[in-house]
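Chain nomenclature is as follows: A, B, C and D, assigned in order of appearance, with residue numbering initiated at 1 for each chain independently.
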């Protein structure tokens, strides 16, 4: 069975496993106070061009979103997101669990349109009385989005400017950050993100690590006693060094970018393969996830040989599905996918 | 530098690392729906003598306590714990963060005394009006306790009977469960725990795993939609199989018990070593943690060569400290500890 | 200055004040355990045709919504509401504060369309995996809606049937219930509501009382230890009898319905007055609130003599505003409104 | 039946009722933005000798405590209280419901001992690592306490100094403030409280009002967007002016102090009456609540003619009970109490 259903179906890059094995019996201080976390932090700060940043490691994306959002906004504030935003749809209400509303605005291809955001905030603030409303306290966006799409540098800068005008932080969820930055269509760098955003995370779970997300506060703006807040959320990892080691490896000699690039290239091969065969795309994704519309019967037959993800029903006879190329995908897998498809179609 | 400060200073048992390396590139379904979690669950249920139990894996102890407690009690209920209980003192208010009060009763040597619990519950219920009070909705205890002490089978059964009388579940925090069960003074088995408790967890983080705690619901009493609750708490691990694999190894051929036993035996060697040299014990612990009273100057000198944990000030010139023997400790480390001590004292 | 900006600008019906003065020095037991609460409850149950119902009094609408919703749904559940629903827009996130998401679906004229609700629930449940989503745990609707509109008996029954199919309770927010039931266009009764809904409240604050809302659980379905839950939310009123007395008066000899009817009739006079003068209606409301589109300059001039509520901007030169006729409004006030308007327009 | 069981068994002082009747049909803006709230605020600020203070009105004590505490501390902080503190024992976990731990320290006669507080805070801060602990973020005390006892000016100043040293606010719960300030043993004034405390409330519900508590922030320290926070807690009263009017009356010509004084004097007559008859006092209270130890049989007989509150069991044959003199108590009631007692004893 060929597995292309997501980018978190395999363990870790071999260099990570090797390193974890090497240092396995070295005693380490707990809770992220070890030298590997320190070292990984330094490398990430260098990669961000941001020597003054502060870096923390958390174990998963939903957890990271809940901790970061809850820590950076006031109790009477909510977080603005596109209506397709992960925090709104697919985190089982983890943000609301911490007491905050997710304020959704209509997205386009998974992205917040700067003009929609501007209108939303203008409308909120121009009316005199907000005492019965949830204040917009932060803007959340994902890069790449849940649909694999990318913001342009210009779009991010526009959104950032709007945030600055209304004095609310901009938070970028980078669960698949590498796959965005290494896309041919990406016109920005990690340094741009560190310059533009007030907080963001560099996803490890989906990009080569066993688990782990690196939260970066680039502007001396770490919430006070952030470790306590993490602990209070049940999110403080005892053996924090496990994440330090992993990110240390990922940010040594550009491994994070290298493996991301390979995955995106394979995804583009997939994209071309589907296009050549005349498949309809649910959305045009320049990153590692491809969303294809399949005729239901074909989908059922394909299921017997390939694992992919159900995305959504298009109509009674068609369904959008997702194929993902991860850091661990191989050219032979892509070849196999199309061999199976071609065989099925003959 | 000799490291004996805690039982979570090293990675994982070599068999676990090997297995993680072996299956690293096998594609797995996410969120604990894989066959390793299934397999580990089966082995744990067998070890518990409880084929009908349900088993879930979470990444850390505080997280597990918050999720389990919040999921099993009503919003107007709190959890009863000894005043030294981990949930009350050392989890940064993670239980209160979920809206529940920790109702403390005076403990003895870290343990809830059955008679204190009975009095507490009797007093609560005999007064007619509890509408302005937090209902006791669960009893929490740790085994071994935060002081390394153990409940006897009789004590646990008494506590369980009281819980049954008041129809509230009994929850056992087994962060160091192996080190309790393998103590010479332990008069109960894992099966006893599964029979007596309504929910408990088998700690992996401190007992041979990189991370992971196995929550067991032995009585068809898993909270409805428990996975959603875990997700809502930000605690659903994407690559759940990483924990499945680890517990599968730990519960194959009794590895969990074997490595626990070794740690406890080394701790007893430590205990005897301290006793022979006339050290005062802060508390009499039959498990893998030893609490010793050191004269402050000696403590300062010892710090230069050995890592241990500060526990609490005893008086102006004495301090209680903790030495822990983990699954990864060795006889030579214990020997080295006493060589250093003996050298210092000459 | 003529005041028509809302229906909570004056104190209480004179009979209520009289009764409060009469019993002022009678000692009463606290927290709603008095005979006036009992008596008012009996009268409300009779009016609902529901002798087995249970009735509780809370001091305000937002509080009532938060307590009822949080008490009736599970932690992993949210409440489904129209996107214009009060709980979603105008309660400062009080529902999210208790940890629950408000799941919005597009409304029409402030109402949930049964077919939209059906689709929403079908879509949620047909997809196999909801472990990362917030479960729909209740349906919330307001009657009349925030736009003054009314559900027909048929619509309510359809919604109720859908709720039953998915086994979730239907909650009706009756902050202005009297003004709905006494509308000429209303085709249902309080008994219908008690039969159809799983929980609802009869608003007092906007309908003749100083304050107070009567929550009715008609189906032996009061959440366990509901008083404790109220207290935990900070919503248990010490002198509960103050609300008992008020609802006792309101439900004696049909006063609640009589004063509601008068208000709705005055509102219909307003409506006709605006219609005769060619004003555009923002929405067609058959109840006590009227929403009129004013040209901005006219609006500014009118503001000098009449208080009304800003509703929303329509375009650069027009604004929708609200005029409300409460239980305390008089025919002469309506006359005065149109005298002012007519004078302005000449 | 003679009713002395508490100080919230009757409605409001007649002057308040009169005024509420007078202004009943005056239209008012909602949510506390009316001129009566303004006026009452001014009078309270004058009485506090604090022209720059900000004053808000909430409907009840538990609600006030939850809103004030949750608004003034950070999410990772808790509130320090005596173990007998109302917020810890008798508010059904309303503080924990907002996510914060109540950190209890042993009290004496219901009071925080300054030296205990100092030790608690010193101990917390001297240990280097608090990342797993709840930070003390505020000190809560009640004046008078739940046992009717009073802090001396010196004690309050000592506590305030400790709070300043650790930079945490001091909060005084004045549910019965008048009965404290008017006690013969009180050596401080309302101005002292406004000078010493960072926030406090002046109780109305138990001191002459139908309901209402006036929260005072004397030091330009109102939490940002406090109205939103109140709304989010479900605690924003629609007809806020009802509380404004009541406090306006209470703080006109010293009515609040006058009626408090009368109540305390009657309580002292009670105290003397009990003392003369040789009754044992459960605690020595200089305020309006008296705590008497009754032999159980006598208690049962007394219950037939007098209402009092159960306080706690003393031993198998004795019980502590509470008699309260409120603003509405009369000399003839006190006389009647002793006539009943004397008759019973003959």
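The definition used in the following text is that a contact is a pair of C-beta atoms (placed from the backbone, for glycine too) under 8 Å apart; a residue touches a chain by one contact, two chains touch by 3 or more.
Just so we're clear, the structure is a prediction, and the values are computed from it rather than from any experiment.
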- prompt: Which chain pair is joined by more contacting C-beta pairs, A-D or A-B?
  reply: A-B
Query: Per the centroid of Cα atoms for each chain, what is the distance between chain A and chain C, given in Å?
result: 42
Message: Can you work out the whole-Å distance between the CA centroids of chain A and chain D?
response: 51
Query: Taking each chain's centre as its mean C-alpha position, how far apart are chain A and chain B in Å?
result: 34
- line: Note: chain B residues in touch with at least two other chains are 75-76, 91-93, 97, 99, 131-133, 228, 231-232, 236
Query: Line, ring, star, complete or other: which describes how these chains touch one another?
result: complete
Message: Using the touch definition from the top, list the residues of chain C that touch chain D in their complex.
response: 3, 6, 8-12, 14, 17, 20-21, 23-30, 59-63, 65-67, 91-94, 97, 205-206, 210-211, 228, 231-239, 242, 307, 328
Partner chain A, residues of chain C touching it in the complex: 75-76, 78, 89-93, 96-102, 127, 131-134, 310
Statement: Within their complex, chain D touches chain A through residues 31, 70-71, 74-76, 99, 130-133, 135, 224-225, 227-229, 231-232, 236
